[in-house]
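Alright, structures below, take your time with them.
One chain, chain A, links the two complexes that follow: it is found with chain B in the first and with chain C in the second.
Showing the complex of A and B:
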């Protein structure tokens, strides 16, 4: 009996050891420190198991990365390769603009960030199993930025099909844009290439080049690797000739022969590239063919990167505060219509938009970056030009969840009465409260119309009985809305804002992207900014200053004469 | 002493139970996959047998779901396109079912002359189901002369997402070395395009035609597990049919599948 008990105990102990070993195998090898930092700083979004399913994930788009698949968008490595440790470190340090991922440079020490890198790698076995370091994209041979390079890149942008998702001039409004999803089935908007400050992995030409060649793993963005290029292995001239022949309805015998020869060369080069990728040793001759082919491909890719770079301003515009407040410029005579070139001479003011997260339903994932505004006024009227990028033109979609009609829209908000002085209270920025606001509400379904509203709260807006004489024009072209509104400076309606030159007027915006589910309080917006009808320098400046100068000089002469006379009398 | 023993036994049993629960969990994802032999040896097969049959669909005749063509109408919308995840023909014949041998370890080699291609024509992948031998290149054709991208959602092999611009007519893809499948192929540019490929280590795979028919030829005599996979109806990997093939003989094995 005793022996049996001991035997049983030993068996149980044996089972326990085996089980512990089985479970121990799944334990991360990275340090406890990495786990601790990860669980304190990263797990809220990325989940304790690294599946991208932390508590906050539900409300985020783009979704936090699921680390268990080894798919990383921002890499310095070729397509299909894992990122380098440095890539992961850089993303943690700098964050991902345009997404919810913040930079951790100040919040975590460099050491902690490296620990986190080691820890997140434990979520995907591929890192451990990899026998060779990931193949990095070759950045040598950069083609410097030039007009010529941009021109070449522009042609490639069309030829390679970038337009399909990124749109004619890069605003992310291509015809495939609304239907794109990522590897996990979530909506995935193509980048607006005119807004480099929202690029997840940076907008240097090198960054663009890397994204283009390596693709963004896990997203819809494919890699344009080597033999993706039509005419791989041909010179630039040969490949354009090949495409030219391809596009002919009928070829002569000679042309057919020529085309066949080009294709033969092309197929041979592709074969070499695949052999290399599959691990076959290349002969010296094949290596030469491959290197030459890649040189052409890389050169084209640099041209393309230069073109994309040309689409964006050098840096993000400064918000319209301080020296940048919106100043309506005075002109004499008629105010320019929407398509008048007079608008081009004005620099737009930039009003960044953020998601409305105060009142439900909220918008955590804005798709509209900002509204840009210009303005002119004359003795009786003021005209505004509002411009904002939106990847989709939505006028009557139905929201699956609420059944509400979704459409693109913009609201411009002013106080009904301008606060007297800088410390006087403004109405609550969310469509007013105790102090009411005066609104222009424009909808994409009625582009030639603006509705005037008075509001005392975000859910407490009333259409004004007397709709003023607003003139309106609205258009949508290549991913951008333009709205032109003209109104009299003074109106008879007491619920309207009355405008005087030189008075600083609070102004704020709300915008809706129907395709992003924006409706009612779910929207993007600004808080209060300022605009002013820039006062006209008065013509009296030609009379008073010289007069004062003259009087001053006269006074001085008089004084001198007086002093001289008294001195001589004393003498 | 006894109660202590009992308690530790209970705890251990609980541990084991939890352990099996985990094991079952990790299996769940793989249930929909094909099952491959660990090793396969290619050899000459003489006087092999044949397995043939018909796969039928059981259930209400599904309605044809027309695909919404949202762009490139001229090329993509020339004819009406239908969702191919469930294609049921006359007499309930179920197209696009993979029927295969699960546990064959030696048999014939692949037909080296067979073309392993998927065409992108009219913004549709043809065929919808393609079998790709491990180590062979899958060639993507672009008959459309418009931009496509080949997005292969592999998990065991490296996923592929490669642009195929309009002038890129015939794009062979790098061969993969691990058996895996089926994995979906999509085109992000035209979101409705969908196909399935399977990277397989042996040639005993058949895909049913419009009449639901399949045929596996040159099977060495022996007993085999016969499996199937269908996009909408699932697999029988957990309980495959066992068949006995006789030298030179032909056996018939039909299947009737329901929606999973």
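Showing the complex of A and C:
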């Protein structure tokens, strides 16, 4: 009996140990193994001492994290808190999109990743000294996505001043965008909220909510403060009533009384928040007021997260590779001007840009994600619409280092002669070489003009003597450039590309963001892609298929008649 | 079940099996032309089977004839006389209206190197004979070897990892949008198949140094002899094999 009891207890204890091991989301004690994995896989960026100063760090932006300050951007925890072990593990596993931090899921075993978590925690004493686990953000009050929630969030986006950095519609083009730096003094560009695929911590509504509530420690994104919310301490109805009253030209006595009461409530709640921030003990009543206020604030933050979510497409567009080529669509008559709604019906092709790191000076840290392109053509002309996001409108700035003039620009590149057949040589993708390329060079300082160039290398471009009659329009609105170019399909200039429907033409792009120091070879670019004037589908498609259908009907009836006759003969 | 139905099930079943089971669940999709070949064989097999005996053939065609003339099959007949022309209509339309796709680029990923290995204009030796001058430290002087590997690691992370990746798996943060994709050194088919001299050539001369079969106009691999010293290139090559654990191909010393 006794042995049985002991055995039972031991079994229960064993189960408890196993279960707690399974559920333990905490890293093991720092070990030699963790150090080894770290030095093998992480130290080249984050440095042997964890200071973010590895060999690769010099040419990276965002910079690799300095682990010695305990500041982590991507956390599930509240402002000022350390990340949980699980947060660190997830970042190592999934990486940080839009930065040079890759996901290590396939390269390192889960065990190794946990060891690394334990090891990087040793770089900051705060982890050891923390007495209580970090306070996690409460996600329970999630507000489902709806048109109305997005509208509410949109109003908050302006009221809270998000616009100042992230811009009117979220392209990261706010007025303070170029001047932001992080804790370490490095440039810190605000996120382009329309490009969720570049969000370091993921672009789910929950992720956005966590970034907003918890802040991005160390970056220019401010830590969240509840009392910075307009109408803190008021219910949603009360706060909208307060704004409504504020906007009235004249208030009746009753309304003035009402407004004063609302302001009193608001001020009282802000005072409580300030007291709490200073560490003052709150009375039960004050605590209740504060908690109620924070509940409203959390709800509003969900609306804000829903609004941010509404700004981006579901996922990153597919790049225009393979059969997904840029197809210019045929229309009869005049080609649409830049503002024509005809462009909206056309799907854009997505050309992702990468830094030019082949020829000095190089660009290791691109700030332009991609160029989106649409095209129409008619019997004599072709029109293109190029669109790309750039946080700054730079037309004339001087580079501190080189003294060169920096400005935003785009170049569209074609071969002078289209290669005949799949094995025929193309010009070198970087502005040609032995074989020349034909270029349209557009600059933000002269938005109504495109210069035609012929190039036999990135440093060997010539302005064409005979400039063709290209029609050009360029605009910059809310962080996005739009460039419209129209040219004749055929020209008299031998140095120009001649276009024929149905011919697959190599196309490539270079772009410059002046505010990122892009000039000359320092730029972002693509390798060769493909463009075609999509031929008008053959009218045969309306003749042969019905003919074949008719013939088959005839055949079936003939067959039936034949069988019937034979049956009757046999009978 | 009639013989005709069985044959039909075999035919349709084989197609589904080839297209979705073999070419989907079990393995990668099979090219359409290969499926057509197999289907042709199956049709021939069915034809052979039904034409072995007169009785079999009569049995096979019975449901067809019935559908064509019998009153009890009137409904089948009406459905088929609409369905068959419609299917043919759709099929021919889809063939004629198909959009033309760009021709693929037949590219030799590992074209033959030149006979002589050079750095800038200096001849190092013949491709076949040149060995990594620091490789012998691996046995002779492990400390010196380690220093060279460390230097190679530094060079790699200051120059190569943007495209070839932190893990040397060709998945650096610039890699996804380059065509052709950067080489993956973790692929067991890469390092063990080449001599170190081949790697030196590919690094030193980059994309533009490829012969036409390697489409030199597409590759974004820089000409590294413009940026790196000869020793740095050899060090980086040591690092590649040291980090991945793969040995470069060598020719036996016994020869």
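In this section, the second predicted complex is superposed on the first by the 460 of 571 C-alpha atoms of A that agree within 3 Å, B and C clash if a C-alpha of one lies under 4 Å from a C-alpha of the other, contacts with A are read in each partner's own complex, and residues count from 1 in each chain.
What we mean here is this: a residue touches a chain if its C-beta (ideal position, glycine included) is under 8 Å from a C-beta of that chain, and two chains touch if they have at least 3 such contacts.
These numbers were taken from a predicted model, which means no experiment stands behind them.
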| item | value |
| --- | --- |
| First (chain B), second (chain C), both or neither touched by A:231 | first |
| First, second, both or neither for A:466, with chain B first and chain C second | neither |
| Touched partner set for A:528, first chain B, second chain C, both or neither | second |
| Touching partner for A:502 - first (chain B), second (chain C), both, neither | second |
| Contacts of A:260 with chain B and chain C, given as first, second, both or neither | neither |
| Superposed model, chain A: greater residue contact from chain B or chain C | C |
| First, second, both or neither for A:100, with chain B first and chain C second | second |
| Chain C residues within the chain A interface of the complex | 65, 68-69, 77, 80-81, 84-86, 88-90, 92-93, 96-97, 99-106, 153-154, 157-158, 161-162, 165-167, 169, 171-174, 176-179, 206, 208, 212, 215-218, 220, 222-223, 226-227, 243 |
| In the complex, chain B residues that touch chain A | 1, 5, 8-9, 12, 15-16, 19, 70-72, 137, 145-147, 149-151, 153, 155, 158-175, 188-191 |
| Touching residues on chain A, where the partner in the complex is chain C | 40-41, 44-45, 54-56, 58-59, 99-100, 102, 104, 106-107, 319, 321, 323, 325, 327, 352-355, 357-360, 364, 421-423, 425-429, 433, 435, 502, 504, 526-528, 530, 532, 534-535, 537-538, 540-541, 544-546, 548-550, 552-553, 556-557, 559-560, 563-564, 567 |
| Chain A to chain B touching residues, read off their complex | 5, 8-9, 12, 15-16, 19, 22, 69, 71, 79-80, 159-161, 164-165, 175-176, 178-181, 183, 215, 217, 220-225, 227-231, 242-243, 246, 267, 270-271, 274, 277-278 |
